[in-house]
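One structure below.
For clarity, chains are labelled A, B, C and D in written order, and residue numbers in each chain start from 1.
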Amino acid sequence: MEIGSGMNSRDLDLHEGHVIEDLRNSAVAGLPEPSGWLTEEIERNIITTTVDKFLNWGRKTSLWTETSFTACCTFEFISTSSSRFDIARFGMEVLRSSPRHADLMITAGTLTWKMAPQIKRVYEQMAEPKWVIAMGACGISGGIFADSYSVVPGYNRILPVDVYIPGCPPRPEALLAGIELLRKKIEKRSIAKGS
Amino acid sequence: MTVGLDYNRIIDVLPEDLASGAVAFEAHGLVIQPEVLTGIAAFLKTEPGLELDYLCSITGVDCTEYFEVDYLLYSLKLNHRFTLKVRLADRSEPVIPSLTGLWLGAELQEREIYDLLGITFSGHPEMKRIFLWEGFSGHPLRKDYGHGH
Amino acid sequence: MAINTEPVFLNLGPVHPSTHGVFRMRALVDGEVITDIEPVFGYLHRGIEKLAESKSYRQFLPLTDRLDYVSSMNNNMAYVMAVEKLAGIEVPPRAEYIRVIMAELQRIIAHLLAIGSFFNDMGTFFTPFFYMFIQKEKITDLFEMVCGQRLLYNYMRFGGLSHDLPPEFIPALNRFLEEMPSEIKKYERLLAENEIVLARSKNVGVLPREMAINASAAGPVLRASGVKWDIRKDDPYSVYDRFEFDVPTGASGDCYDRYRVRLEELTQSLEIIRQAVAGLPKGKVLNPVPLRLRPPAGEVYSHIEGNKGELGFHVISDGSDKPYRIHVRAPSFINLTALRNMLIGWKLADAIIIFGSIDICLGEVDR
Amino acid sequence: MLSEFSLIALFIVIVLGFAASLVLIPVALRKLGIVPSQPSAVKSEPYECGLETTGPTWVQFKIRYYFYALLLISLDITVVFLYPWAVEMQNLGPAGLVTVFVFLAILAVGYLYAWRKGALEWK
């Protein structure tokens, strides 16, 4: 298929193939969790605590999710965000398909190497502060497909993951528990550390 | 009930030059030479009384000594089915004529077999990988493909 | 004086709200009209068929759940029936009836999601989807009652089922069967005669009859184009030949017909479940089979009418306890063959609806 | 006489102040380090379904879009004119009513002309 300016879909395939191969060769170890500041004791004075409290309250009660769902866990997430399990109680019923408006990426489903550059790019295009929940066994370690030739063994190979939710697929209650964990983590953020 | 066509009935009706390509008769299907595949397939599709106008599925198998490609054909009107099998001994350069000229449904399935097994379909409009990315080394469904990575 | 405008290259890419998962289309767009489009697959290719070669027959069963993760019961049934045919295993009649009930309940879920997301693509932001999701949750409760899982059930075994029905299942199912027809009427009243729906889906994305057959389309996509082909009727498997139901077909093969066929199939599935519950025999649900099943060397192709079309399992065994090769005839994957011809020439907004009306599931497309 | 305008001046100051604050607050927060900001090359690139954009984007667009823009503007401006009329409708009396409907009729003619000429269909 001609794309214009002399390119055709073959060149696009080759370019995308290189991007995937580079990522695959570079993503060999798990990225560290971005929560070093959880353990340290932060000296807070009056001003930072009130600002922290206000900022963190605002952030944790309206986490907007980026719809970068890939596989089966998607339908458990949809069950959670539908009227029965009602994720709106957490202010999270807004689903954003563009990373510009999202601040939480729930990676619902298996990640393959062909999809990895796209998920990494969408994550990088999200504005700080942003968080990642690795949902399901495939998100944690590749799950039932871990020894396949085309599956990334866990999202932490390409994204710094904040909360891991086991299950295949995890029940909506498990997902809500994971979100509760994330909210506790957000409460601990502080501007004193230049979060 | 979808009736499986008896290959004897097919052999009797096949024209002489095509029938010579038929190699063996197995319970599951008629094994034919790659050269006569397009001819026999076109014949099965258009012959009144057979009219196998629906290509249900194509399966590629690596049987270590040869590659085998099974074509499962249905006739929706007459409600019967038939399987054609093609075997390729050449493991380095396996080539089979493509059936996209007869059935549009073959296009994606042939690309899948090319991608996962490395069998090229001559005459296919877009012979390139479908699932894996360009730059992926090897064809995973081959028995000698190194396990995992 | 004509101003020559150049087409713009656009990605309806993997991360897109209405590609039903990680499907991608490279579109060449001239203003609003698509001049050329190329689907790109593989973003969810997990190599299930390669994994099958290193797993025993029983271990492959959970992988079939994850093929088309919206119709796990149908996938289970197709795979289990294929191995039973290969190994000559008998299934007790009660298990056959329960399998039919489960498969038809799963078809209702899948069609509800298909219709819900079809209207979602059309712009009715999630309202019909949530109405249909309430019914889906009711069926999910029934499944959870039977096998403890909400989405990927792993419920069937070679020679029958893993669990029998709990006593409270049949009353709950009957309650569901009573209230569902009124729900379907609600959808019909709300959506079927809605002029926006008619304007946006009538004669849109027409798949003519010959093209549908030639492109090996299957299921509601094929029936909407006027081809009366349903494997439950034309090649009855399990105990389907004991039930009366008819096969709805469309006239012109446009998006509206595909929606109508799926909507009518909901009623037919309810009809089948009613008859199956009425005729449910007593007895055991599992003929025990050795854990390390070793079917005789040979091959079998067994197919069922999945909710997206003919779902077939081509199992080749070399006599060992691991399958030599399992090929899945995935209806979603092959239904996409005609996608390019259906989309070219339409506007971008219509393309989203046409693509949504084919109703694919990426787990099955990429395997 | 001057004092009457003081209200308007105050109104303008408030509006400008509000607009400026909307722009300046995020900048201030970022400078003070309260709000994290890590700009990166990938973040500033356009978002296209998770892929790099390919092919030229500064191309000659279809003329059709221009018609939609024109029609939109023409119909929007009428609303701007209708507001002050709606506020003063009582004092203007029937004369004001007639003039407004004449004004709307003229616009309707233009709209119908565009509709008849097929500017709304996408060909």
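Methods note: a residue touches a chain if its C-beta (ideal position, glycine included) is under 8 Å from a C-beta of that chain, and two chains touch if they have at least 3 such contacts.
None of the values given here were measured: they were computed from a predicted structure.
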item	value
Between the pairs A-D and A-C, the one where more C-beta pairs touch	A-C
Centroid spacing, where centroids are CA-atom means, of subunit A and subunit D in whole angstrom	36
Separation of mean Cα positions, subunit D and subunit B [Å, integer]	60
Distance from subunit C to subunit A - Cα centre to Cα centre, in angstrom	29
Subunit C and subunit D: spacing of chain centres that average the CA atoms, whole Å	46
Multi-chain contact residues (two or more partners), subunit B	129, 131-133, 140, 145, 147
In subunit C, residues with contacts to at least two other chains	6-9, 13-16, 42, 45, 47, 50, 54
Sequence positions of subunit D contacting 2 or more other chains	49-51, 54-56, 59
Contact graph of the chains (line, ring, star, complete, other)	other
Residue numbers on subunit D that touch subunit A, as the complex places them	33-34, 36-38, 40, 42-43, 45, 47, 49-52, 54-56, 59
Parts of subunit C lying in touch with subunit A, wherever the complex brings them together	6-9, 13-17, 21-22, 26, 28, 36, 38, 42-48, 50-51, 54, 62-63, 66, 69-70, 113, 130, 133-134, 137, 140, 150-152, 362-363
Parts of subunit C lying in touch with subunit B, wherever the complex brings them together	41-42, 45, 47, 49-50, 54, 211, 213-217, 227, 229, 234-236, 299, 301, 303, 310, 312, 314, 316, 324-325, 327, 329, 333-334, 336-338, 366-367
Subunit C contact footprint on subunit D (complex, rising order)	48-51, 53-57, 59-65, 122
In the complex, subunit B residues that touch subunit C	1-2, 28, 53-57, 59-62, 70, 72, 76, 79, 83, 103-109, 112, 116, 129-133, 140-141, 145, 147
